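Residue numbering begins at 1 within each chain, and the chains themselves are lettered A, B and C in the order written.
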Amino acid sequence: MAGKIDARLAELGIVLPSPPSPAANYVPTVRTGSLLVCSGQVSAAPGGQAVKGKLGAELTLEQGQEAARICAINLIAQAKAALGDLDKIKRCVRLGGFINSTPTFAQLPLVMNGASDLMVEIFGDAGRHARTTVGVAELPSDAAVEVEAIFEVS
Amino acid sequence: MAGKIDARLAELGIVLPSPPSPAANYVPTVRTGSLLVCSGQVSAAPGGQAVKGKLGAELTLEQGQEAARICAINLIAQAKAALGDLDKIKRCVRLGGFINSTPTFAQLPLVMNGASDLMVEIFGDAGRHARTTVGVAELPSDAAVEVEAIFEVS
Amino acid sequence: MAGKIDARLAELGIVLPSPPSPAANYVPTVRTGSLLVCSGQVSAAPGGQAVKGKLGAELTLEQGQEAARICAINLIAQAKAALGDLDKIKRCVRLGGFINSTPTFAQLPLVMNGASDLMVEIFGDAGRHARTTVGVAELPSDAAVEVEAIFEVS
(Lines give C-alpha, C1' and ligand atoms only; values in the text may rest on other atoms or scores of the structure.)
Protein backbone atom coordinates (compact mmCIF):
# COMPACT_ATOMS: atom_id res chain seq x y z
CA MET A 1 0.00 0.00 0.00
CA ALA A 2 1.72 3.13 -1.23
CA GLY A 3 1.63 6.27 0.87
CA LYS A 4 0.54 9.70 -0.23
CA ILE A 5 4.04 10.86 -1.08
CA ASP A 6 4.78 7.64 -2.97
CA ALA A 7 1.63 8.31 -4.98
CA ARG A 8 2.74 11.86 -5.65
CA LEU A 9 6.16 10.63 -6.83
CA ALA A 10 4.44 8.23 -9.22
CA GLU A 11 2.23 11.04 -10.48
CA LEU A 12 5.33 13.13 -11.20
CA GLY A 13 6.99 10.16 -12.92
CA ILE A 14 9.83 10.10 -10.40
CA VAL A 15 11.41 6.73 -9.66
CA LEU A 16 13.62 6.87 -6.60
CA PRO A 17 17.04 5.31 -7.16
CA SER A 18 18.55 2.79 -4.80
CA PRO A 19 20.10 5.33 -2.50
CA PRO A 20 23.84 5.78 -2.93
CA SER A 21 25.97 4.28 -0.16
CA PRO A 22 28.59 6.44 1.50
CA ALA A 23 32.03 5.21 0.57
CA ALA A 24 33.48 5.86 4.01
CA ASN A 25 32.93 6.08 7.75
CA TYR A 26 29.74 8.06 7.63
CA VAL A 27 26.08 7.36 7.08
CA PRO A 28 23.46 8.82 4.74
CA THR A 29 21.16 10.00 7.52
CA VAL A 30 21.09 10.43 11.29
CA ARG A 31 17.91 10.88 13.24
CA THR A 32 18.13 13.00 16.37
CA GLY A 33 14.88 13.80 18.13
CA SER A 34 12.37 14.82 15.46
CA LEU A 35 15.05 15.77 12.94
CA LEU A 36 16.42 13.65 10.13
CA VAL A 37 19.83 15.06 9.20
CA CYS A 38 20.86 13.99 5.68
CA SER A 39 24.41 13.86 4.30
CA GLY A 40 25.17 15.98 1.28
CA GLN A 41 24.12 14.23 -1.91
CA VAL A 42 25.89 14.95 -5.17
CA SER A 43 24.47 15.17 -8.67
CA ALA A 44 25.02 11.55 -9.65
CA ALA A 45 22.21 9.07 -9.89
CA PRO A 46 23.46 5.66 -8.75
CA GLY A 47 24.04 3.56 -11.85
CA GLY A 48 22.78 6.40 -13.96
CA GLN A 49 23.52 9.89 -15.15
CA ALA A 50 26.04 12.08 -13.39
CA VAL A 51 26.26 15.81 -13.91
CA LYS A 52 29.86 16.93 -13.43
CA GLY A 53 31.77 20.12 -14.00
CA LYS A 54 31.44 23.79 -13.21
CA LEU A 55 28.70 26.31 -13.65
CA GLY A 56 30.15 29.29 -15.46
CA ALA A 57 32.38 27.00 -17.51
CA GLU A 58 31.29 23.79 -19.24
CA LEU A 59 27.75 23.55 -17.84
CA THR A 60 24.65 25.50 -18.80
CA LEU A 61 22.18 26.87 -16.27
CA GLU A 62 19.70 24.17 -17.31
CA GLN A 63 22.27 21.43 -16.68
CA GLY A 64 22.92 22.92 -13.26
CA GLN A 65 19.22 22.92 -12.45
CA GLU A 66 18.95 19.28 -13.52
CA ALA A 67 21.96 18.51 -11.30
CA ALA A 68 20.27 20.14 -8.30
CA ARG A 69 17.13 18.14 -9.02
CA ILE A 70 19.14 14.90 -9.03
CA CYS A 71 20.58 15.83 -5.61
CA ALA A 72 17.07 16.40 -4.26
CA ILE A 73 15.86 13.06 -5.60
CA ASN A 74 18.83 11.36 -3.93
CA LEU A 75 17.96 13.09 -0.65
CA ILE A 76 14.40 11.80 -0.86
CA ALA A 77 15.67 8.31 -1.67
CA GLN A 78 17.87 8.47 1.45
CA ALA A 79 14.96 9.68 3.57
CA LYS A 80 12.80 6.84 2.27
CA ALA A 81 15.51 4.31 3.13
CA ALA A 82 15.79 5.76 6.63
CA LEU A 83 12.10 6.20 7.40
CA GLY A 84 10.50 3.42 5.38
CA ASP A 85 7.52 5.66 4.74
CA LEU A 86 7.91 9.13 3.24
CA ASP A 87 4.60 10.17 4.79
CA LYS A 88 6.56 10.46 8.05
CA ILE A 89 8.12 13.65 6.69
CA LYS A 90 6.34 16.57 8.31
CA ARG A 91 8.45 19.33 6.84
CA CYS A 92 11.57 20.00 4.80
CA VAL A 93 13.30 22.29 7.30
CA ARG A 94 16.43 23.27 5.42
CA LEU A 95 18.40 22.68 2.24
CA GLY A 96 22.04 23.63 1.92
CA GLY A 97 23.13 24.00 -1.68
CA PHE A 98 26.73 23.96 -2.85
CA ILE A 99 27.27 24.78 -6.52
CA ASN A 100 30.54 23.93 -8.28
CA SER A 101 31.21 27.34 -9.79
CA THR A 102 33.74 29.58 -11.40
CA PRO A 103 34.46 32.74 -9.37
CA THR A 104 32.14 34.77 -11.59
CA PHE A 105 29.01 32.61 -11.82
CA ALA A 106 26.48 34.54 -9.73
CA GLN A 107 23.22 32.87 -10.85
CA LEU A 108 23.55 30.34 -8.05
CA PRO A 109 19.97 30.63 -6.72
CA LEU A 110 18.57 29.75 -10.17
CA VAL A 111 20.59 26.54 -10.12
CA MET A 112 19.47 25.66 -6.62
CA ASN A 113 15.83 26.14 -7.64
CA GLY A 114 16.11 22.73 -9.31
CA ALA A 115 16.22 21.22 -5.82
CA SER A 116 13.81 23.62 -4.13
CA ASP A 117 11.14 23.30 -6.79
CA LEU A 118 11.22 19.52 -6.54
CA MET A 119 10.67 19.61 -2.78
CA VAL A 120 7.58 21.77 -3.25
CA GLU A 121 6.31 19.67 -6.17
CA ILE A 122 6.49 16.59 -3.98
CA PHE A 123 5.61 17.82 -0.50
CA GLY A 124 3.55 20.93 -1.28
CA ASP A 125 3.70 23.59 1.44
CA ALA A 126 5.54 21.13 3.70
CA GLY A 127 8.32 21.22 1.13
CA ARG A 128 9.00 24.95 1.63
CA HIS A 129 12.34 25.17 3.40
CA ALA A 130 14.98 27.53 4.68
CA ARG A 131 17.87 27.56 2.24
CA THR A 132 21.49 28.61 1.89
CA THR A 133 23.14 28.59 -1.54
CA VAL A 134 26.84 29.22 -2.20
CA GLY A 135 29.30 28.64 -5.02
CA VAL A 136 32.28 26.49 -4.11
CA ALA A 137 35.68 25.83 -5.64
CA GLU A 138 35.18 22.10 -6.09
CA LEU A 139 32.89 19.22 -5.10
CA PRO A 140 33.43 15.47 -4.60
CA SER A 141 34.17 13.74 -7.95
CA ASP A 142 33.74 17.14 -9.62
CA ALA A 143 29.97 16.91 -9.19
CA ALA A 144 28.13 19.99 -10.42
CA VAL A 145 25.96 20.33 -7.31
CA GLU A 146 25.77 18.96 -3.76
CA VAL A 147 22.70 19.43 -1.55
CA GLU A 148 22.23 18.54 2.12
CA ALA A 149 18.91 18.50 3.97
CA ILE A 150 17.22 18.47 7.35
CA PHE A 151 13.69 17.09 7.56
CA GLU A 152 11.29 17.23 10.50
CA VAL A 153 9.82 13.75 10.85
CA SER A 154 7.18 11.99 12.92
CA MET B 1 4.83 48.61 23.38
CA ALA B 2 8.33 47.87 22.15
CA GLY B 3 10.19 44.91 23.57
CA LYS B 4 13.62 44.93 25.15
CA ILE B 5 15.40 43.97 21.95
CA ASP B 6 13.46 46.56 19.95
CA ALA B 7 14.59 49.14 22.50
CA ARG B 8 18.17 47.95 22.16
CA LEU B 9 17.97 48.23 18.37
CA ALA B 10 16.71 51.79 18.71
CA GLU B 11 19.51 52.58 21.14
CA LEU B 12 22.03 51.31 18.56
CA GLY B 13 20.34 53.33 15.83
CA ILE B 14 19.49 50.19 13.85
CA VAL B 15 16.34 50.30 11.73
CA LEU B 16 15.34 46.84 10.55
CA PRO B 17 14.58 46.71 6.83
CA SER B 18 11.44 45.11 5.45
CA PRO B 19 12.86 41.65 5.26
CA PRO B 20 13.87 40.51 1.76
CA SER B 21 11.53 37.97 0.17
CA PRO B 22 13.00 34.80 -1.26
CA ALA B 23 12.68 34.86 -5.04
CA ALA B 24 11.89 31.16 -5.29
CA ASN B 25 10.37 28.09 -3.69
CA TYR B 26 11.88 28.55 -0.28
CA VAL B 27 11.08 30.58 2.81
CA PRO B 28 13.12 32.94 4.98
CA THR B 29 12.70 30.92 8.18
CA VAL B 30 11.40 27.57 9.37
CA ARG B 31 10.59 26.85 12.98
CA THR B 32 11.11 23.30 14.17
CA GLY B 33 10.68 22.65 17.86
CA SER B 34 12.51 25.40 19.71
CA LEU B 35 14.76 26.25 16.77
CA LEU B 36 14.26 28.98 14.20
CA VAL B 37 16.31 28.04 11.14
CA CYS B 38 17.04 31.07 8.93
CA SER B 39 17.90 31.05 5.24
CA GLY B 40 21.22 32.55 4.23
CA GLN B 41 20.96 36.32 3.91
CA VAL B 42 23.24 38.21 1.56
CA SER B 43 24.82 41.61 1.98
CA ALA B 44 22.10 43.61 0.29
CA ALA B 45 19.70 45.79 2.21
CA PRO B 46 16.29 45.68 0.52
CA GLY B 47 15.85 48.91 -1.37
CA GLY B 48 19.18 50.04 -0.08
CA GLN B 49 22.88 49.49 -0.23
CA ALA B 50 24.33 46.26 -1.54
CA VAL B 51 27.91 45.20 -0.95
CA LYS B 52 29.09 43.11 -3.88
CA GLY B 53 32.40 41.69 -5.02
CA LYS B 54 35.27 39.73 -3.58
CA LEU B 55 37.41 40.12 -0.52
CA GLY B 56 41.02 40.02 -1.60
CA ALA B 57 40.14 41.82 -4.82
CA GLU B 58 37.93 44.92 -5.08
CA LEU B 59 36.71 45.07 -1.47
CA THR B 60 38.52 46.24 1.63
CA LEU B 61 38.34 44.43 4.96
CA GLU B 62 36.15 47.23 6.29
CA GLN B 63 33.71 46.85 3.41
CA GLY B 64 33.58 43.11 4.12
CA GLN B 65 32.81 43.73 7.76
CA GLU B 66 30.02 46.12 6.81
CA ALA B 67 28.68 43.46 4.43
CA ALA B 68 28.62 40.88 7.23
CA ARG B 69 26.82 43.36 9.45
CA ILE B 70 24.15 43.90 6.78
CA CYS B 71 23.63 40.12 6.60
CA ALA B 72 23.16 39.99 10.36
CA ILE B 73 20.64 42.83 10.30
CA ASN B 74 18.72 41.01 7.55
CA LEU B 75 18.71 37.85 9.69
CA ILE B 76 17.26 39.77 12.62
CA ALA B 77 14.66 41.35 10.35
CA GLN B 78 13.66 37.86 9.20
CA ALA B 79 13.49 36.61 12.78
CA LYS B 80 11.29 39.56 13.71
CA ALA B 81 8.95 38.83 10.80
CA ALA B 82 8.74 35.19 11.86
CA LEU B 83 8.39 35.68 15.61
CA GLY B 84 6.62 39.03 15.85
CA ASP B 85 8.56 39.77 19.02
CA LEU B 86 12.36 39.58 19.11
CA ASP B 87 12.24 39.04 22.87
CA LYS B 88 11.27 35.46 22.01
CA ILE B 89 14.88 34.84 20.99
CA LYS B 90 16.57 32.99 23.81
CA ARG B 91 19.89 32.44 22.14
CA CYS B 92 21.73 32.82 18.87
CA VAL B 93 22.87 29.21 18.49
CA ARG B 94 24.92 29.32 15.32
CA LEU B 95 26.02 31.56 12.48
CA GLY B 96 27.41 30.19 9.24
CA GLY B 97 29.44 32.76 7.34
CA PHE B 98 30.31 32.49 3.67
CA ILE B 99 32.73 35.11 2.38
CA ASN B 100 33.10 35.79 -1.35
CA SER B 101 36.89 35.53 -1.54
CA THR B 102 39.88 35.16 -3.75
CA PRO B 103 41.86 31.97 -3.08
CA THR B 104 44.40 33.90 -1.01
CA PHE B 105 42.23 36.04 1.29
CA ALA B 106 42.74 34.39 4.68
CA GLN B 107 41.40 37.15 6.98
CA LEU B 108 37.95 35.60 6.81
CA PRO B 109 37.23 35.64 10.57
CA LEU B 110 37.82 39.39 10.70
CA VAL B 111 35.16 39.87 8.03
CA MET B 112 32.71 37.61 9.82
CA ASN B 113 33.18 39.59 13.03
CA GLY B 114 30.92 42.22 11.46
CA ALA B 115 28.04 39.77 11.94
CA SER B 116 29.16 38.27 15.25
CA ASP B 117 29.78 41.61 16.91
CA LEU B 118 26.31 42.80 15.96
CA MET B 119 24.66 39.75 17.53
CA VAL B 120 26.44 40.43 20.80
CA GLU B 121 25.73 44.18 20.66
CA ILE B 122 22.05 43.41 20.32
CA PHE B 123 21.49 40.29 22.40
CA GLY B 124 24.40 40.48 24.88
CA ASP B 125 25.55 37.10 26.15
CA ALA B 126 22.56 35.46 24.44
CA GLY B 127 24.11 36.64 21.18
CA ARG B 128 27.26 34.55 21.60
CA HIS B 129 27.05 31.76 19.06
CA ALA B 130 28.89 28.85 17.53
CA ARG B 131 30.30 29.89 14.18
CA THR B 132 31.78 28.52 10.99
CA THR B 133 33.46 30.86 8.52
CA VAL B 134 34.72 29.89 5.07
CA GLY B 135 35.74 31.65 1.88
CA VAL B 136 33.75 30.64 -1.19
CA ALA B 137 34.21 31.00 -4.93
CA GLU B 138 31.03 32.98 -5.53
CA LEU B 139 27.76 34.05 -3.85
CA PRO B 140 24.29 34.86 -5.16
CA SER B 141 24.30 38.12 -7.19
CA ASP B 142 28.03 38.39 -6.41
CA ALA B 143 27.21 39.45 -2.84
CA ALA B 144 30.29 39.97 -0.68
CA VAL B 145 28.97 37.96 2.27
CA GLU B 146 26.17 35.51 3.07
CA VAL B 147 25.27 34.53 6.63
CA GLU B 148 22.80 31.90 7.84
CA ALA B 149 21.57 31.50 11.43
CA ILE B 150 19.88 29.24 13.91
CA PHE B 151 18.16 30.82 16.91
CA GLU B 152 16.73 29.12 19.97
CA VAL B 153 13.31 30.64 20.57
CA SER B 154 10.55 30.49 23.15
CA MET C 1 38.25 8.49 37.38
CA ALA C 2 38.48 8.54 33.60
CA GLY C 3 35.42 7.78 31.52
CA LYS C 4 35.13 5.21 28.77
CA ILE C 5 35.89 7.67 26.00
CA ASP C 6 38.85 9.09 27.91
CA ALA C 7 40.15 5.53 28.20
CA ARG C 8 39.64 5.00 24.49
CA LEU C 9 41.54 8.21 23.70
CA ALA C 10 44.42 7.00 25.87
CA GLU C 11 44.36 3.63 24.12
CA LEU C 12 44.64 5.43 20.76
CA GLY C 13 47.46 7.61 22.08
CA ILE C 14 45.47 10.78 21.55
CA VAL C 15 46.13 13.66 23.93
CA LEU C 16 43.48 16.34 23.66
CA PRO C 17 44.93 19.84 23.32
CA SER C 18 43.80 22.72 25.44
CA PRO C 19 40.93 23.72 23.21
CA PRO C 20 41.59 26.77 21.04
CA SER C 21 39.78 29.93 22.14
CA PRO C 22 37.76 31.84 19.58
CA ALA C 23 39.44 35.15 18.86
CA ALA C 24 36.18 37.04 18.59
CA ASN C 25 32.56 37.41 19.68
CA TYR C 26 31.63 33.77 19.33
CA VAL C 27 31.98 30.65 21.41
CA PRO C 28 33.35 27.17 20.70
CA THR C 29 30.09 25.37 21.47
CA VAL C 30 26.44 26.09 22.16
CA ARG C 31 24.11 23.56 23.71
CA THR C 32 20.49 23.72 22.67
CA GLY C 33 18.21 20.97 23.91
CA SER C 34 20.05 17.69 23.40
CA LEU C 35 22.36 19.08 20.72
CA LEU C 36 25.86 20.41 21.16
CA VAL C 37 26.61 22.67 18.19
CA CYS C 38 30.36 23.13 17.68
CA SER C 39 32.07 25.98 15.86
CA GLY C 40 34.22 25.10 12.88
CA GLN C 41 37.69 24.04 13.98
CA VAL C 42 40.66 24.52 11.69
CA SER C 43 43.69 22.30 11.19
CA ALA C 44 45.91 23.93 13.77
CA ALA C 45 46.72 22.33 17.07
CA PRO C 46 46.99 25.04 19.72
CA GLY C 47 50.66 25.56 20.44
CA GLY C 48 51.48 22.83 18.00
CA GLN C 49 51.46 21.87 14.38
CA ALA C 50 49.32 23.70 11.84
CA VAL C 51 48.51 22.33 8.41
CA LYS C 52 48.07 25.21 6.01
CA GLY C 53 47.68 25.53 2.26
CA LYS C 54 45.61 24.05 -0.51
CA LEU C 55 44.84 20.54 -1.56
CA GLY C 56 45.61 20.23 -5.23
CA ALA C 57 48.55 22.60 -4.83
CA GLU C 58 51.18 22.41 -2.08
CA LEU C 59 49.60 19.71 0.08
CA THR C 60 49.45 15.96 -0.47
CA LEU C 61 46.35 13.88 0.14
CA GLU C 62 47.99 12.45 3.26
CA GLN C 63 48.67 15.93 4.63
CA GLY C 64 45.03 16.79 4.00
CA GLN C 65 43.86 13.71 5.88
CA GLU C 66 46.12 14.59 8.80
CA ALA C 67 44.66 18.12 8.73
CA ALA C 68 41.11 16.75 8.90
CA ARG C 69 42.15 14.53 11.81
CA ILE C 70 43.51 17.56 13.69
CA CYS C 71 40.18 19.34 13.19
CA ALA C 72 38.34 16.34 14.61
CA ILE C 73 40.61 16.21 17.64
CA ASN C 74 39.99 19.92 18.22
CA LEU C 75 36.24 19.31 18.03
CA ILE C 76 36.50 16.58 20.65
CA ALA C 77 38.62 18.85 22.83
CA GLN C 78 35.92 21.50 22.58
CA ALA C 79 33.20 18.99 23.41
CA LYS C 80 35.17 17.84 26.44
CA ALA C 81 35.56 21.43 27.63
CA ALA C 82 31.82 21.99 27.22
CA LEU C 83 30.56 18.73 28.70
CA GLY C 84 33.23 17.87 31.24
CA ASP C 85 32.70 14.20 30.48
CA LEU C 86 32.90 12.85 26.93
CA ASP C 87 30.74 9.89 27.91
CA LYS C 88 27.84 12.34 27.70
CA ILE C 89 28.13 12.16 23.90
CA LYS C 90 25.41 9.86 22.63
CA ARG C 91 26.04 10.34 18.95
CA CYS C 92 28.04 12.32 16.45
CA VAL C 93 25.10 13.61 14.40
CA ARG C 94 26.83 15.57 11.66
CA LEU C 95 30.21 16.75 10.42
CA GLY C 96 30.58 19.55 7.91
CA GLY C 97 33.93 19.48 6.14
CA PHE C 98 35.41 22.40 4.26
CA ILE C 99 38.58 21.64 2.32
CA ASN C 100 40.88 24.43 1.12
CA SER C 101 41.16 23.34 -2.51
CA THR C 102 42.13 24.33 -5.98
CA PRO C 103 39.21 24.28 -8.44
CA THR C 104 40.30 20.87 -9.76
CA PHE C 105 40.94 18.85 -6.59
CA ALA C 106 38.02 16.41 -6.53
CA GLN C 107 39.30 13.87 -3.96
CA LEU C 108 37.63 15.82 -1.20
CA PRO C 109 35.91 12.85 0.50
CA LEU C 110 39.26 11.09 0.94
CA VAL C 111 40.57 14.14 2.79
CA MET C 112 37.50 14.34 5.00
CA ASN C 113 37.88 10.67 5.94
CA GLY C 114 40.67 11.81 8.26
CA ALA C 115 37.98 13.35 10.46
CA SER C 116 35.28 10.71 9.93
CA ASP C 117 37.59 7.79 10.66
CA LEU C 118 38.69 9.38 13.92
CA MET C 119 35.11 9.79 15.12
CA VAL C 120 34.44 6.11 14.52
CA GLU C 121 37.77 5.04 16.08
CA ILE C 122 36.83 6.93 19.22
CA PHE C 123 33.06 6.54 19.51
CA GLY C 124 32.47 3.33 17.55
CA ASP C 125 29.02 3.14 15.95
CA ALA C 126 27.99 6.27 17.85
CA GLY C 127 30.67 8.05 15.83
CA ARG C 128 28.97 7.38 12.49
CA HIS C 129 27.58 10.69 11.31
CA ALA C 130 25.87 12.46 8.46
CA ARG C 131 28.43 14.42 6.48
CA THR C 132 28.79 17.16 3.90
CA THR C 133 32.16 17.77 2.25
CA VAL C 134 32.96 20.64 -0.10
CA GLY C 135 36.06 22.33 -1.49
CA VAL C 136 36.30 26.03 -0.72
CA ALA C 137 38.33 28.93 -2.07
CA GLU C 138 40.02 29.80 1.23
CA LEU C 139 39.85 29.12 4.97
CA PRO C 140 40.77 31.16 8.05
CA SER C 141 44.57 31.63 8.30
CA ASP C 142 44.88 29.54 5.12
CA ALA C 143 44.15 26.37 7.12
CA ALA C 144 44.00 23.25 4.97
CA VAL C 145 40.75 21.98 6.49
CA GLU C 146 37.91 23.22 8.71
CA VAL C 147 35.37 20.87 10.27
CA GLU C 148 32.22 21.70 12.24
CA ALA C 149 30.15 19.24 14.25
CA ILE C 150 26.83 18.58 15.93
CA PHE C 151 26.73 16.01 18.74
CA GLU C 152 23.70 14.57 20.48
CA VAL C 153 24.42 14.67 24.20
CA SER C 154 22.84 13.51 27.42
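Simple rule for what comes next: a residue touches a chain if its C-beta (ideal position, glycine included) is under 8 Å from a C-beta of that chain, and two chains touch if they have at least 3 such contacts.
Keep in mind it's a predicted model, so treat the numbers as computed, not measured.
Asker: Roughly how far apart in rotation are chain A and chain B when fitted on CA atoms, stated in degrees to the nearest 5?
Answerer: 120
Asker: Looking at where chain A touches chain C, is over half of the residue numbers used by both copies, so same, or under half, so different?
Answerer: Comparing the two copies, chain A and chain C contact each other through largely different residue numbers, since under half are shared.
Asker: State, to the nearest whole Å, the distance from the C-alpha centre of chain A to the C-alpha centre of chain C.
Answerer: 25
Asker: In chain B, what residues contact two or more other chains?
Answerer: Answer for chain B, listing residues that touch two or more other chains: 33, 102-103, 136-137.
Asker: Using the touch definition from the top, list the residues of chain C that touch chain B in their complex.
Answerer: Answer in residue numbers: 22-30, 32-33, 37-40, 54, 96, 98, 102-103, 136-142, 146, 148.
Asker: Enumerate the contact residues on chain B facing chain C in the complex.
Answerer: So the residues of chain B touching chain C come out as 33-35, 56, 91, 93-95, 101-106, 108-109, 112-113, 116-117, 119-120, 127-137, 150, 152.
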